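In what comes next, chain A is part of two complexes: it sits with chain B in the first one and with chain C in the second one.
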Partner chain A sequence: MQESSIQPKTVEMQQPEPKGKPRGKSPLQLALRRFFKNKMAIAGVIILAVVSFISIFAPLFISHDPLATDLYNTNAEPGGEHWLGTDDTGRDVFARLLYGGRISLIIGLVTMLGTVLIGAVLGALAGYYGRWIDALVMRLTDLVLALPFLLLILFVIAVLAETSLWILIITLVLVVWPQTARIVRAEFLSLREQEYVLSAQAIGCRDSRIIFRHMIPNAVAPIIVNATLLMGLMITVESSLSFLGFGVPEPTPTWGNMLNAARNVRILSSEPWRWIPPGFMIVITVLAINFIGDGLRDAFDTKSTRR
Partner chain B sequence: MTQPETLLQVRNLKKYFPIRGGIFGKKVGDIKAVDNVSFTVNKGETLGIVGESGCGKSTTGRSILRLEEPTAGEVEFEDSLLNELNGEEMRRMRRKLQMVFQDPFASLNPRKTAGAIIEEPLTVHGIGEARERKEKVKELLQVVGLDAYHAERYPHQFSGGQRQRIGIARALAVRPKLVVADEPVSALDVSVQSQVLNLLEDLQEKFGLTYLFIAHDLSVVRHISDRVGVMYLGRMVELAERDTLYDNPLHPYTQALLSAVPVPNPDAERERIILTGDVPSPSDPPAGCAFHTRCPYVMDICREKRPEFQDQGDGHFVACHLMDE
Partner chain C sequence: MYQYILRRVLIFIPMLFLISVLLFTLVQLAPGDAFTGQLDPNQDARYYEEMRERFGLDKSPVEQYLMWGKNFLQGELGISFRHKLPVSELIGDRIGNTIFLGICAYILTYTLAIPLGIFSAQRPYSKWDYTLTGAAFVGISMPSFFAGLLLIFLFSFTLDWFPFSGTVTAGAGLGGMEAFIDKLHHVILPAITLSIINIAQYTRFTRSSVLAAKQQDFVRTAYAKGVPASVVLRKHVLRNALLPLVTLFGLDMGILLSGAVITETIFSWPGIGQLLVEAIINRDYPIMMAVTMLASFFVLLGNLVADILYAVVDPRIRYE
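Right after this comes the complex of A and B.
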């Protein structure tokens, strides 16, 4: 048989390329544009940027070592040398506040990344392949979700007999990944029925290409929103755990560890500079992250009429 | 007339969807979406398949391409049995078998540009260098009546008709032999339908394509098809040359279906056959002939024995006991 070649039949009728912006905006670009019109979200971005900046570049702002104790100058009131005073081992509270931000942000960020990675992959596999993979992953999530959260952490700490930042992060990831996995699975179940996924299969894409090039990019909106809100949640969880004494072990400064001091009635009532600043930092950081999360959700949701 | 060369042969194709119930998801029954369907498609022709919604015509198309794994039956394409290929062999075979989808708003990935969408089949089958592929995309866009600069745009910037053209360009990119067009125009405005139909016809001539054209619109199918098959409740009830089928339908269901087509002449005398009752559930199709519950000419044998899908001469296949009289 003869192979006719592809010939454009209307070459001479071709329209000139329109001036201006020929390249279209992708849905992601459109969503980002909506995001940047949201004042609360922008406030969130700015606050988070400032908090991250002063935590990461803490040495630029304070010369005190957050770990250095000064037993001759404990429980000092705020003043010239120590802006927010010192704690009961003479450590500078302001330095601990700045350095503590690092730990809180690292916990929030790394836990979020780990959760998204595990949750998205397992959720995607469960949603795409269904059958026994789905059953296995879902029963696993049921199992984890059925375990009391605090008890699990206590158990891990009891078994390992010690905690560190990384053990805490791994434990947190193991506890919260089912949330993300469920969201991604649900998203994949609906995406799998989309004709463009079927069409990707029809043109001969491999499964990996269908999952990573066609489905994950279209499931990215709920993943990002979930991840952001999760990050805020993880910072709160770290604080709660540290407050209870199961968080990152002393003497590492974290906002939660600093709040721990407020368990003492004397400090709670007469030394508010010891616990108000870390509490405030936790609140504004988590608020900022949640604003960003809400902003992203509204930006990705084209159906919402809220502005 | 020379003997037409067979491109695709479907033999006793079945696709049952299991119904699961109870707490352990035990199988409690089957939806018989496609129940023992056989037909052949000749090289270079357009075989139209018509039927009401839910009669299994789309599932037939998808089962042939193994987008739905068939429950039973054989699909022979050229010299290979598609249903026996393994995953990778089938993936490579897809180069020769492409599909145009019904909903132009759902069948294009909203996060990819038109260019990327059309290029993808070339990429996954490893055809050409990156630059050649870009060139080819531009050619394809022009072949389907769009412009080269449209490659940079996203699906949401196109109209339904333009999107369907992109879908057609994507299907043609790998120069397939068979294109399964699943209701390619039913989601479009009537004015755009004819443009897309004409485009499909032009492309068929130009590239020597074979179409399996699935639709519910009888006039659309009449316009484009060489032969037409009629499906009812997962079964093929009649299959014939287009004009034979439209002028001399033999199966009572086809007769009823055709009598429902409006005629643009108010004085024309016509007998409208009104079917009573609803289409039975495909999970529990009637015994014997699936149509016997609504057939005006029903006989005792129809309730007991399923009629054979037999050639009544000249390639006019009918599955009806009336033919044995």
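Right after this comes the complex of A and C.
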């Protein structure tokens, strides 16, 4: 009895915590270190942080209400009171520009989270269980992927007749999840054959524990990279839809529906301050996200030669 | 190989069937129909009933689907609610324009992206390489409609070099070679807009794939035995690096079709993309169904072409 009560202590004694010396880094920590050595990725993080900050705290930077119309002062030129002039109903363009970022960022973020959630779960189930689940999920992805993505979104939106922010987000998620599901499935197919999964199965772990505790953390790199790039793509798609007039409805300001004004030849040709700034914001935001995504890909890819 | 192709083509049938069921269900879920929105108090309510009967909208969904399916298989894509014309005629009138635009975009993509990518890979991590990589990043991050607007603003309004709408100069009555040049003149801006993303992506792809090929052992061997650099590049590096590009040709079908919707809208280019946007605004379901089905068929075909080309250019790949 005495011995067994001592034993746990001796086990601890055998593995003393190294003092003063750095502990071994986990692959994630190593990847993050590589990530933060990448100048482009850092630039991306900074740009995205600045854009997010001024969008979220827009009221701190501008006193104009982006929704307030002023029919005595429509289509004003930039300068003085209104930095970027006013639109057809006298709303301040600069205020709309700042507030517009909120919608783009919300759509990018929420769609990404939704897609990753659905895509990762279905992809994981398909890759882990195989057989009919795999067949079902893969045929579903085949079906959705056979439809040109923008056409399918337009189709759904046309059918719904009325769009709102949430309808748009749900539609985007339903159309994009197959991409993520395929990536996760492919990763799971190879992970399933790894020894640690076999040993977890052998000691009787529940499937849910194996999937979420053992396999998902090992598939996290491709998921994160895919998610980042999806976020950029979703911001682009939202702006394209809003530009065509099928996105977030007025009067909510979004960069896309501000650009919708440029479908009017007069505004396109002689009032560039109305549509170039929102376009520029979309480009730098998506660019920043793509820099981050690329940096993450390089950081996670242990085979990549550049550090 | 032939068996493989045959099997893949046969899979098209259930796929397109399921897609049509999916789209048809979506249409059925829609509140109201094409006539709900245009109720005119001066118009006798009976007229709308008659119209609904004429388009078969009074039947049950299953009956409607069977009717649609039967006609579709016979090549009758239905009658447009709005134009009151057969959809096949509307598509037939415009598909040529879309294909022309698509081919021009493909040509631009390959003739620009491959040389730029090779140029970049020949001097990696140089100023030129960074500039091109940066430009490619911007190209990938820029929504194509914004690129199109910028091009119109710059080259149509400011410099007045290119027209910004239509496929031909209206009423110019040009013939032969002049008409073709006029058409090319009109297609340049839309084709650039449509291909910008692909140019950027192919440039990056070419660059990284050439860089990877240059590190292969057989390239070092070729240099070591005294093969001239240009021959090494052409026969050893490019032959291996550019093969995968052929497959992108097929896989890009979907991107190109989606891009065409936006590009054609901006440049008032009378193709099927513009037809689709117009149909969506008017909720003209027969057109929406037909165009989306057609697009799906092209995507499936594109994927198949990609797989076949892959086996053709790379003998290591065999399909059973």
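Quick notes
Note that in this section the second predicted complex is superposed on the first by the 285 of 307 C-alpha atoms of A that agree within 3 Å, B and C clash if a C-alpha of one lies under 4 Å from a C-alpha of the other, contacts with A are read in each partner's own complex, and residues count from 1 in each chain.
The rule we apply is simple: a residue touches a chain if its C-beta (ideal position, glycine included) is under 8 Å from a C-beta of that chain, and two chains touch if they have at least 3 such contacts.
Everything quoted here is computed from the prediction, not taken from an experiment.
In the superposed model, A:217 lies in contact with chain B only, and not with chain C. In the superposed pair of complexes, A:131 makes contact with neither chain B nor chain C.
Contacts of A:286 after superposition on the shared chain: chain C is touched, whereas chain B is not. Once both structures are placed on chain A, no chain A residue is touched by chain B and, in the other complex, by chain C.
The part of chain A that touches chain C in the complex is made up of residues 142-143, 145-152, 154-161, 232, 236, 239-240, 243-246, 259, 262-263, 268-269, 272, 275-276, 279, 282-283, 286-287, 289-291, 294.
Put simply, chain A touches chain B in their complex at residues 1-4, 6-11, 14-15, 17-18, 22-28, 194-196, 198-206, 209, 214, 217-218. For chain B in complex with chain A, the touching residues are 62, 65, 67, 91-92, 94-95, 98-99, 101-103, 106-111, 113, 120-121, 124-125, 136, 139-140, 142-143, 145, 147-149, 152-154, 156-157, 167, 170-171, 173-175, 206-208. Contacts from chain C toward chain A in the complex involve residues 15, 18-19, 22-23, 26-27, 29-32, 137-138, 140-146, 149-150, 152-153, 157, 253-255, 257-258, 261-262, 265-266, 276-277, 280-281, 283, 288, 291-292, 295-296, 299-300, 303.
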